[in-house]
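What follows is a pair of complexes built around chain A, which joins chain B in one and chain C in the other.
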Partner chain A sequence: MTDFKIHQRDGEGVSVIELKGYLDAHTAPDLETAFQKLLTEKKYNIVVNCRDLSYISSAGLGVFMAYVEDIRKNKGDIKLTNMTPKVYNVFDLLGFPILYEIYKDEKEAIVRFNVLK
Partner chain B sequence: MSRLQRIALLAIPAILLPVVFVYDVVRSAVEFEVTSLTTIREFGVVVSFIAIGLFIRNRRKSVNRNAPKEIGRLFFAVFFGILVIALSTFIQPTSVPERSAPNIHLSALSMLATSGQSLLLGIVSIYLLFIIHDLVLFKRRKSTRRYYIAYFVLLFISCAMELPFIRFENGLLSSIFFSLTIVLIIINSFRQNWIVYLSKREKGYSIIYSVLLFFALVVLDIYLAQRTGTNNLLKSYSSTLHTFIWLNSIFGTIYFGVTFISTLFHLPTAEVFERKQSELNSLHNLSRLVTQVFDFNDLLNTVTQMTMEVCGARSVWLELYTVNEDSGEMSVAVAAKKNISQEEIDLIISDGGNQLRHYFIDTKKVLLIDDIWSDRRTKFLKDKGFTRGSLLTVPLLSHGKLIGVLHATKEFQNAFDQDDIDVMTTFADHVSIAIENSRLIAKSIERERFHQEMMVAQRMQKRLLPQKLPKLPQVEFAVVSESSMEVGGDYYDVLILSDDRIGIVVGDVSGKGVSAAFYMAEVKGIVLSLSKICSTPSELLLRANDSLLESLEKSAFISAIYGVLDIQDASLTLARAGHCPAIFVSEETVELVRPNGVGLGLTNDLNFKKATEERVLRLKPGDICIFYTDGVTEARNAQMEEYGYERLVKVVQECRNCSAERMKENILQSVQTFIGSGAYTDDITLIVVKWLGNS
Partner chain C sequence: MISRRNLIIKRIPSRTENLLEVREFVGTAARSFGFSEEDIANIVLAVDEACTNIIKHAYQYANDREIEVTILPSQQSFEIRIFDNGKAFDPEALRPPNLKEHIGHHRRGGLGVYLMKRLMDKVEYSFNPGKKNEVRLIKYRSTSSVVSGR
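Entry: the complex of A and B
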């Protein structure tokens, strides 16, 4: 029913994941797989670009919660960028801005990672 | 035909034939001849035999089932007829001059013999005609029937020409009719389809009986064709009957002569035919068994048994492979075996480094080993003292996956032919289907069980939600809660905290279905216990977060909104833990109330406390506060559009003066209209609280 795609770009010690389409209970496993892969590859600096993400459900939000702890333990982080107002509203409603760094642009997030190094 | 009719049919010859006999005796004694009386006599005879024919036709069964036996019986009947003729020649040893008119001097005894002989041969002849009828028309085609009827018509005409008042002396016409009849006899004699369907044994009987019958009928033919001697006794008795018997006898001779020859030619193919037939029977039985999946072992036993019988194998066994879904390991079980021990199976399959098994698994193809002593895969068996022979193995495939193999061995080299391979492949397919069926049934039973369990869970969960709402003069409540699945993750409650304080809570567990339902029950327990001890909404949420943080999965969280309605104070204090904003309708304004807060189970106490705010709403009479879950705002229509806040606020605005119940109905109606015919994709909960005033 819903279409969801993940595209991953690696560069400058930061991995960028681009999300596209609907992230819900059906497509959440795809994102889980992507995070799992990053963990096994020991890529802990992750930027999630939500430019083309049109919808995120609670199951989708749960994926971030499931992996962020492990990533942070390894001195990495998940930073979220380029959200549309609608998607931001979902994150905001749940109080995600308190838990995650959310940037308007992907570059800002990458810069943040590099500053920390 | 009724019993009465049958008796009537028997009565006709029983009366007429003695009358004819008496007439004959009287006439030979008195010597008179009246043409009209002769004609009447002839008619009497003809009618009697027609009646006998009808009677026999009525009493006998079709011979299709057991033709050789019937031919045997016919042979004995003809043989008996010949015997009687031979005996009667002793009674009437003198040769009778060739005369057709029955006006010769004969003793009453010999006349009795003549009558008896005629009656016997007439009956045998009719019997013969019926049997040939069944055999000729075994496989009915248009032409088959036509030719048979044509013969019958000619037979009838030939007989009729012998009637005294018609009596043709035209030799040319008679011989034309005679030749035509012979032609038709020959045509009809090639209708021997029934032979094909005989078993080998029956074909043997058919050969013996048809050749015996052929010779017996030849003797009868010769006797009937005689122009002199006792033959004329028959002819003198009734010329019509003589013609009838004679033509039928010729028909029988030719027909069973052809039968003998064709059966002889069919003999080499008998085995093939029999085998095909047994294959067909087995398949028929199998198809029936396949549907009876409850007798699964029965089916496997039958399959091995049938393989053994149809292929003529020495031993047969069936192995089923099951793959453990978790470990991916394959386990093998011998599900049925015939005439072979487990040790021998292990020896063939497992020894030699499991070579054979790997072959099946890798190729999923039929394996034919013509000589197990010389084939490189089974050579080792020779040293193990295994007897020489051949091995055939066919795979059982289900959706392209190997689920087992069917093996058969024979004690000769090169013993399996293409037919064996075909048959065993078909058997294997049937077993695969049966296995697939039984798996599907097991699955559907399991599914039904789960469904029942879910129904129980649904009932239990419904009981977790308030069964009735408090009734107070100052405030109206209206609620609705629906799950998109059997059980859901939405939770709401209206709790009486004290005389003038009421707690209202709505929660939404992330995800749906069973996991959400469990957390929902947990949330209810936590909220219920905390509501008694926590004085402010934010404190309750903070402590609920603390309790839940431990027990929730990392990826799970709960959004909640908690309000305390103070009746005395006319105020509603709200705290929000990541939940959808409450809608507050006060006089003309509609506001989305959204104090800051983080979902439960997302972060530790410190962060949570820092983030969570409280908001106090001062209530005026007529003010409405609406709590809901995101199932409302995120309801989707067929175009995947969301219902959204704007539509919700609009419908609330339009209905701001409604009762709580009306407001609930209108919102629900609006959402339903929006999503159209589709079902809710998420759990949906709505609480409308209307403040009426405390004066």
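Entry: the complex of A and C
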């Protein structure tokens, strides 16, 4: 049973990954695989659209933490967008807004990447 | 005093694929207790974190062990007791997470214990390694958090 889906869209210089469903200790390895693939493909400008993400536990947040350093070393970033209040609350409790850019809308995050080019 | 007939018990094998089932079980019980959606989400996440810790640390991903989740609703509080018979770990030994440090060292663990504390009113542990370890998560009923009074 899969309760979590990842869809990747590659635009001009920015890759968007859409998360859908439940991101927990069971499904976090799928997200890890997606980040590994992005690194292998040297795609370092990443927007994570959380619009359809229903749930996240610390196992899911841990994946963002594990990869962001490598991505930033390559002059890229992980920018998070479109979170529901419930999902944002978990990121907020762990202090993510201080270290990650979180936007209401995917377009804003893509613009930020393009401004920094 | 907790009445035995109020106990709700669920036992699951120690596999991450069962986390969804535990979340649904606890969510349903918390909803019928009358908590707000925000409180329900917090309780469900705290239980998920506790069970994940057991699978990872107490059982070290052995997938044939048992986790028992017992819910004890009372007049004033909603208590979840989670039992395992794996290795003990000292949650007090874990420092509050420093996100910058975590990122710098590619660390991804240690957040669950902190989250549980933030999400619940009380978190208690007792350990008897290999026999019975217990995590108790307690949320009090408060007028602000209760949607429908009972």
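In this text, the second predicted complex is superposed on the first by the 115 of 117 C-alpha atoms of A that agree within 3 Å, B and C clash if a C-alpha of one lies under 4 Å from a C-alpha of the other, contacts with A are read in each partner's own complex, and residues count from 1 in each chain.
The working rule: a contact is a pair of C-beta atoms (placed from the backbone, for glycine too) under 8 Å apart; a residue touches a chain by one contact, two chains touch by 3 or more.
Just so we're clear, the structure is a prediction, and the values are computed from it rather than from any experiment.
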(request) For A:L99, select first, second, both or neither according to whether it touches chain B, chain C, the two together, or no partner. (result) both
(request) Identify the partner contact of A:D3: answer first if only chain B is touched, second if only chain C is, both if each is, neither if none is. (result) second
(message) Quick check on the superposed pair: does A:G62 touch chain B, chain C, both, or neither? Answer first, second, both or neither.
(response) both
(request) Could you let me know whether more residues of chain A are touched by chain B or by chain C? (result) C
(message) Contacts for A:H26 in the overlay, against chain B (first) and chain C (second): which applies, first, second, both or neither?
(response) second
(message) If I apply the document's touch criterion, which positions on chain A are contacted by chain B in one structure and by chain C in the other?
(response) 25, 55, 57-59, 61-63, 65-66, 69, 93-95, 98-99
(request) Give every residue of chain C touching chain A within the complex, in rising order. (result) 15-17, 19-20, 23, 38, 41, 45, 48-49, 52, 55-56, 97, 99-100, 102-104, 106-109, 111-112, 114-115, 118-119
(message) Taking the touch rule as given, give the residues of chain A at its contact with chain C in the complex, in rising order.
(response) 1, 3, 22, 24-26, 55, 57-59, 61-63, 65-66, 68-70, 86, 89-90, 93-96, 98-99
(message) Please output the residues of chain A touching chain B within their complex, sorted ascending.
(response) 2, 25, 55, 57-59, 61-63, 65-66, 69, 93-95, 98-99
(request) Mind listing the chain B positions that touch chain A in their complex? (result) 508, 510-512, 553-557, 559, 577-581, 594, 596-599, 602-603, 607, 610-611, 630, 634, 640, 642
